[in-house]
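Chain naming follows the written order as A, B, C, D, E and F, and within any one chain the residues start at number 1.
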């Protein structure tokens, strides 16, 4: 996956340090200190126990290296790679105490993000016969958005807005408060900076017709039936990007993609993807 | 659920501020600023769209109040309550801009934690005819451990260690590095503070027999068959607590509980529980 | 100026606390502690000594209130207002020690940001007979970007990107590294998220012609002569927004605007605007 | 300039990281990620486009190195050096993406601080025929005081107090609240620590006469005419240092210095100095 | 003690929050949560068990109020007051859980700082028949300097430098590296800002004679015998302040003071003062 | 002392940085900058001036290395070693400015922690003829608990709870609020996690008898006479650990230990131990 964006190093370091502090508390890893001598050396592998897509390996590396800079970490797979059960993602070698102390933090990041990549890839695969792209949402785990959006990329998905300040996305609640599709869209166009795109959510073909008068950059078709979606795509006729949202499941996504929408957004891939099972198997050095 | 532990206020404030900063970025909620006037007032309800167990309502409240202290937040349910689709968890009233800006952060916490509580409650219910307790693990989302362990309590579960410094839990990797069950346990007993309990993971009845010689406070029976587990419980005979771990699913948990183990630990309830669907429905004030 | 965006409260609080810590050091305001008794009360006014545009008054208020919550702060002007020499921006009343301790921090923010608003307004005024908008750049003071961009709005200007992640702006250095206008623009279009606009800098009409083939959202005309700029505007013919950049001064801006460009960007308004002279005059309470 | 104080490394690191975070946001440098391949290498020079005095080069270096430790940064000039248009301040070589991502932060520090050094040097040059020293004030940009005071040193100026806790400086407002020059000065002398100097602001020769009775370490002559200043210097007769303040401009500073004052303080050099134009010119590696 | 400097509120808040986090960890006060019901109310008194001088009461108040804003805290004594065994320093009333959770943090600050005030007062009392002042040093507990220097003031002592940047204090090691008293002092005078005082440490009368040539503001007489000190005072003859340092004990301090030195500095009062015994006695509400 | 727990590196770094910032302020070490040239090199030794136990040497090392990574630090002793007057703890070599700037911070940690280790060792030595262990308390200096508990280990002591969340310790105030020994202990047993031990404080043999019914893991005998303590030990008869607390002094500790208690806790070793006198002696390089 050569087109992955770089993981922001400073955010990785800060997140890893916070996670280690959360796990080590004040007294540190009392089990390892008690049972493992300070000069013991260990070798270990990080292996997949399930098939899935890898995401977050540089974060795992950082967790080990942050704990003890003498740990050698050798990646055997890359983020975005498909793993089979038994695939070795990386090899770790160094002070046994540090490897054991960092293990859980490294795996917690890796399993969580690989779970997201795997869920994303499952959707992406099901729409491969269409031109639809799978995109994420702002329904992410607090504190981990940047990493989760990176994992979506690892799974072959695309990123929607990173936050409220990225672009204008007028939702049902904005329309309700603003007093309708037209006033909301008019105000947005007047206020938007010259590099800010505008998307608007519509729940019906009538709302869509109304919205298209003001030429938004994209329209979000919320919870429409496939039939309505198909009609919406025809109505828009390429004048805006179309995004389908709502009821996106592994079972439904192909049918949605076949309506001709440009984008299909899924909150499920970030807020409900089960963790991918990866584990650390240790051997004495 | 009157026996819930209090949510630590300072951690809640810090987590909410970080999540708001993550979502608002530099330019803030440009959609709301553009489409909603500064003096618009709104009323809204937070409603469940699925059945489940509520967790994290005080965090959601803080997300709104931190955004604008003039927002009134009235809880209609309490953490630990069972929600039906349509149940109102809380009512929110105040400046429309602030309600819209805080909505996603509030829901991201609430849906994530309620998902954990709901998954926990599902396991708890299935073992209700036994005395087994469902406990969590350290397989939590980085940065959210305290809140996720609170959510487990909301779902009727119990908490295992909060971190590496809480208690001694000797795992397979420690045993491997230390050179066996006996040396690991001996060192642990020699090093443990007088208020530190010791638990040891065993993978076979032979290991268990060996471990019991040194009288650990608890034994973790890892990935044993129900038959072996039953034998293990008999072998321990109340001299230590028994914890079952591995392959704990909604389908298997009752059978595991019926072996007589005291505790059943599940990583799934924190790392793979799907979010519970709650939403904010707005009405103009 | 009713259409100012809200100042982000949490960023204001953090910036004010950092500035107070920077000024107070460890021992605090030793002069005031020595010369003013703890129960002295004072009234003061913040007055303009020069004509200009006000920006940052809520930050000044926060500086006083953060120092002592008993200080009453009454705004007599609003951000975006034109001030004449002698205009009272605000009245402050409360514990004399706190007013004196917070004075410099409050004024440092206020004079700096009002300077930016004033410089912006001067450019805006000179292009008032055209439809050109004055926009800022990323040439801001480290740590103060959000506030400086707010001050630009107070002066009637518009905001360009808030950072590197807001939108794609392909500059000369990107073109150099990417190997030309076309490859740079092609890659950008392939990589851009669906709500991300693309602007490209061109230094000649040839580059502009090349760029327009790939339909960017905006083009930045860098350091062109007014004659070339006029030709560029004709060449673009409304298919993209046009932004003029380079050599923008009070003397030149009108002529630039008259070429028909949509936007004129100025680094000067943020990196070189002289502070506006405002002072605090105290009276004993 | 061999007598420059060292830049405090930890403050530099923290300021650079904050500035990079401010510019990179969540999604990072999307333009560079899109248009420049991960393995592209670039060489670049930082060149002056205007004559002026360099300040902040180690901060610029840190901005590049913090972004990617593989970047080689070779200084060709030193802080305090006079630059002509075209002078190369430094050469940068390494991963093209990192150089482009760090460029603006590096330049924002460098242009801002060099602007201050240049403005300071202009004042210093005009008083070179006298023994007067140019000193700064606390009218600095919030968050950047240490760096701005360093830049003043690069320009040949001297530093006044770094904050409210450094020394006692009794100003007009303190005198007003304390009830006069004498009570203010008496209290200050009684309260001052044994290593704390005392300076007092006077607006007239009468106030000066009154103040000298109590033997302050320094007197600040506020907004006096050159004639009065000369008389003040005679009146003090070396018993205290004399500092001129107010209406200090390039045009007036020589005449002020010729009155015989020891110090001339200027807020303009920190709050209103225009940025010095330095740029990064890139070449492909 | 009406002339105490104000405790810096922001530093107090930050220190209290850090101390509470240090004590509460992740799971909080598990004992209190387990044994005390959420609605229990308690009244308590903070009482002295030993005679001594109170210092830090506002920090203790903040510890309670930060834990639960509903706690009422009524001071019965003030910082600087002499306490007898049984004296009530303050009364606390409110939620029992919060009072118990905050107790130790509040007392840790209070006992530590009151210990310093008490030790200081003991030295101050012994020199009361002379004009010598007791001053502190930079030998303070990392992280607590501001509070410890405040406690010294509560005990009737005076503050020396708050840090390395406050004033110039040339010590034996500086003299060694600089190559002697004269070169060190010459360089210091050349480099010192106009509001920076200079003190120099001398270990002999010869060094003192040498130092006085360059007219330092103060001289530190290090580890001199009382006889030498008396001679040193005569030699200085009021041209500089004299500070005695080294071997300052309760037994020796009077004799040192009687030599006529202006200041006596003691590291003991901050780094070795035993805590004052104060306790919280609870009663059920 | 091969069984010392590792000092947590991240906490050490953060504490050292905070301490250096506290000492250096904004302007840094103005004395050293003024008197010592930038290229001066120095060698120095850290030597004990008193007999005692060393603790905190890696923190001192970090203070120097954090100030300038070019400083070479060579430990000549190890934490836990007994020092005689004149024993060299470490040798330091490198840039003279950095060594002088870091000296006080390094020593402040080292003298404070070695003082605690020395006090602990004194108690430990006096009970060496018994099996009693000396343990610390939560009466630590705010912000330094982890380091102080490490110093206790250096002195041969053992660690009690690190915070309120480690274990359940029911004290007199909890018993008072809960309504007695039995209800407090019952609730604690019901609420405790399966790896959480329970200790309860008793003030009389009656309370002890009551407490033993519910089989706590440990009992804290508060301020009992040696005779009562002996009886208490007999009464407990090995069914729980016994901890003596109150009136523990160098004079009394042996007698307490001889009663047969398992643990003797002392707040004095952390809150009142005098600093151990170590100093830095410099030589020019």
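Before moving on, here are some points about what is shown:
Following the convention adopted for this analysis, contacts are C-beta pairs under 8 Å (C-beta built on N, C-alpha and C of every residue); 3 or more make two chains touch, one makes a residue touch a chain.
Predicted model, so just to flag it, every value in this text is computed and none were measured.
Under the contact definition stated at the top, the chains bordering both chain C and chain F are A, B, D, E. Annotation: the B-C interface is duplicated by B-E among the options B-E, C-F or B-D, judged by over half of the residue-numbered contact pairs being identical. Averaging C-alpha coordinates per chain and comparing to chain A, the farthest chain turns out to be E.
Centroids of chain C and chain D (each the mean of its C-alpha atoms) stand 22 Å apart. One finds 52 Å separating the Cα centroids of chain A and chain E.
Chain B and chain F have Cα centroids lying 34 Å from one another. Separating the CA-averaged centres of chain A and chain F is a span of 45 Å. The set of chain D residues touching two or more other chains comprises 22, 24-28, 30, 33, 145, 159, 162-163, 165-167, 169, 191, 193, 196. Taken as a contact graph, the chains are fully connected, with every chain touching every other chain.
Of all residues in chain F, only 15, 18-19, 22-36, 40, 42, 44, 96, 100-101, 103-105, 107-109, 111-112, 115, 138-145, 162-171, 173-174, 176-178, 183-184, 187-188, 190-192, 196, 267-268, 271-272, 274-275, 280, 282-284 touch chain E in the complex they form.
By the touch rule above, chain C contacts chain E in their complex via residues 17, 20-21, 24-28, 33, 38, 66, 97. Those residues of chain D whose C-beta lies close enough to touch chain B in the complex are 22, 25-26.
Residues 2, 5-6, 8, 10, 145-146, 149, 159, 162-163, 166 of chain D are the ones that touch chain F when the two sit in their complex. Residues of chain A that touch chain C in their complex: 3, 133, 135, 158-162, 165-167, 169, 191, 193-197, 199, 217-218, 241, 243, 262-263.
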